[in-house]
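Structure first, then comments.
Letters A, B and C name the chains as they come in the text, with residue numbers starting at 1 for each one.
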Amino acid sequence: MSEALALEADFRVSVGARSSPFEVTAKLSLDRGVLAVFGPSGSGKSLTLQVIAGLLRPQSGRIRVGGEPLSDSEAKLQVPPHRRRVGYVPQHHALFPFCSVWRNVAFGLPRGERRPDHPVVAGLLHELGLEHLTHAMPERLSGGERQRVALARALAVRPRLLLLDEPFNSIDLAGRRELWGVLRATLARHQTPAVFVTHDPLEAAALAERVVLFERGRSTRSGGPELLEPALELVRGPPQSSGIDTHGS
Amino acid sequence: MVAAAASLNQVLPALVEQYRARADAPRVIVSYGPSGGLRQQVEGGAPIDAVLFAHAAPVDQLIGRGLARADSRAVVATNQLVLVGPRGGPPLTWQTLTRLPEGELLAVGDPGAVPAGHYARQVLQRLGSWEALQGRMIFGGDVSATLAYVRRGEVAAAAVYQTDVRGLEDVVVLDVARGEWAPRVEVVMAVTGQGPGGEGAARKFLLFLASPEARPTWRRFGFGDPSHP
Amino acid sequence: MNDPVLFPIGLSLQVATLALAAVVVPGVALAWLQARRRYPGWSLVEGLILLPMVLPPSVIGYFLVVGLGRNGALGRLLEDTLGLRLIFTPAAAVLASCVVALPMLVKTLQPALAQVPRELEAAGRTLGLGPLALFFRVTLPVAWRGLVAALVLAFARALGEFGATLMFAGNIPGRTNTMPLEIFSAYQAGDDGRALLYVVTLTVASLAVALLASVLSGYRERR
């Protein structure tokens, strides 16, 4: 990794009807590691990720990933999502239903590399414990397995930054804890910085080194995991942060 | 209700008017169309009292099926098949039709349904050019539609009746079908008796059409006498 | 295909195939545009697409003759510049079929494209797929049943075109007499045997198409 920050974003985006638009103002940055975008649902977290991915065009502001400008309203710059090399795992995993597991993982690779035994594909399937499902179709997978495939698919194209939108929403707590470990280890191994959206303080605390808080369409504060303390107290009662692995590296 | 060939749509109104001028004449309503199509309507049970076609075959078919009275069948007038073209178009004759300029078409009535087309096919077959003209002939749904192709300048020539082009400025007669290959074009009528007017009234109207009283009107519109064309 | 009885069958198939080939690219593009984009004039375009479906075929035929006939503005232009005359040619039959096949294709495909989950496309885009690759590798594979249904219905509509074809291509035996025209001509002539052959052919073809389309759209709903 160079000196450049993994992500610098400062923008305003507005969606919905002109009469009653929903406006989001976001400011976030990440030098390396994992950033949690934390806040209640409807606070503009998912929209923020979509803007960084290039799926939505901000009304104004700037976005840089790894030092490269991807969006700049003043310079009229808007790099389309397919040229950003920014990975994105949408809320509902969105596996291609007509593709087997390995085809999903290999989807973003050049035509010649789309093989189940290609090192990138086979490596990711192995890492994420999906080898026995190589030829399975998505409809037969459990929620956790689908998330692993979605993660492998996003990482296969070597993104400079990975965006995850409520990645483990539909998975039970036990499964979620297991996947937290998998995600942490995988991101570390690939040295891929990541931004993930969550409304679960336990999840944020388990995964993130940096935190940005969202409230009513606005990023309010950013800092270390200590920002999560008030929310964590609500979840587990008195402050006794023994069981929580805050994973400072 | 009288069903009449499209080629009679000028002379019949005059004849109906003349007929109605007689004090005791009942009302006559005329429906025009291609003879083949009108015959279909009669067979389908349409409320038609009498038919007046430009060709004997459909009338005889109705008689053969018991749908028209054989004793009422009569030839009331004759006509002539002509080749017409747009004013200023290429000069063509029945014999030179095979040398129709490239890209040009000849309009004829659909031979199965339109008597003028039936006669045209007869002429072209007798002249040996029917086969050669395949793909160069556009079929009109009735004789008016056939003539309309010429009037809109879409075709170089059309086979229609002499009486159809009376008084038309934009159409010229290129050639008249004369000689032993020329068809005998007859206007044939018969009572069907399945309409609301009643058989008696229908017979009365048809008798008038064949009468010496109606003859000058037929002639005025270009139709020939039944006996000698 | 020189047999005068078989000719209309072969001609109809050719005309419908060419019409389908001509409308498939603009039709799919239009369906995508209408399903996925909102822009000023969207409703107007939507209305124009529907127009041939609600207009009487004779009105379509009239527009074609007036516009592209020998004395039509566009027809004259084509003839003067390119030496091209459309009216009363097999190409005119193809064009008449295109006019009715296009809305059928667009209107059948549009809802299928609208149902493709946005998240799937978002995933595809962030995996590096440009607009065309995205359409062929994500959108179409999801909506393929809708596409096949749209194609067969458009083909059937093209195959059955009568009114506008009669007016714009005319009934020229051996050249433009498609099955529907032949049925009408045979019926007028009282030649029920000849009509029946084409009636049966068209009925069987249309029935097969309708069944296929309903099976495909049934699948789509079940998903």
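Note that in this section a contact is a pair of C-beta atoms (placed from the backbone, for glycine too) under 8 Å apart; a residue touches a chain by one contact, two chains touch by 3 or more.
These numbers come from a predicted model, not from an experiment.
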item	value
Chain separated most widely from subunit A, comparing mean CA positions	B
Chain occupying the most central position, where position means C-alpha average	C
Approximate Å spacing (C-alpha centroids) for the pair subunit A, subunit C	45
Chain centre separation in whole Å, for subunit B relative to subunit A (CA means)	83
Intercentroid distance (Cα basis), subunit C paired with subunit B, Å	38
Contacting residues of subunit C [partner subunit A, same complex]	117, 119-120, 122-130, 134, 137-138, 141-142
List of subunit C residues in touch with subunit B within their complex	69-71, 85, 87-88, 166, 170-177, 185-191
Complex contacts: residues of subunit A adjacent to subunit C	50, 53-55, 80-92, 94, 96-98, 107-108, 150, 153-154, 157, 159, 163
For the subunit B and subunit C complex, residues of the former touching the latter	34, 36-37, 39-40, 43, 61, 103, 105, 110-114, 134-139, 141, 149, 152-155
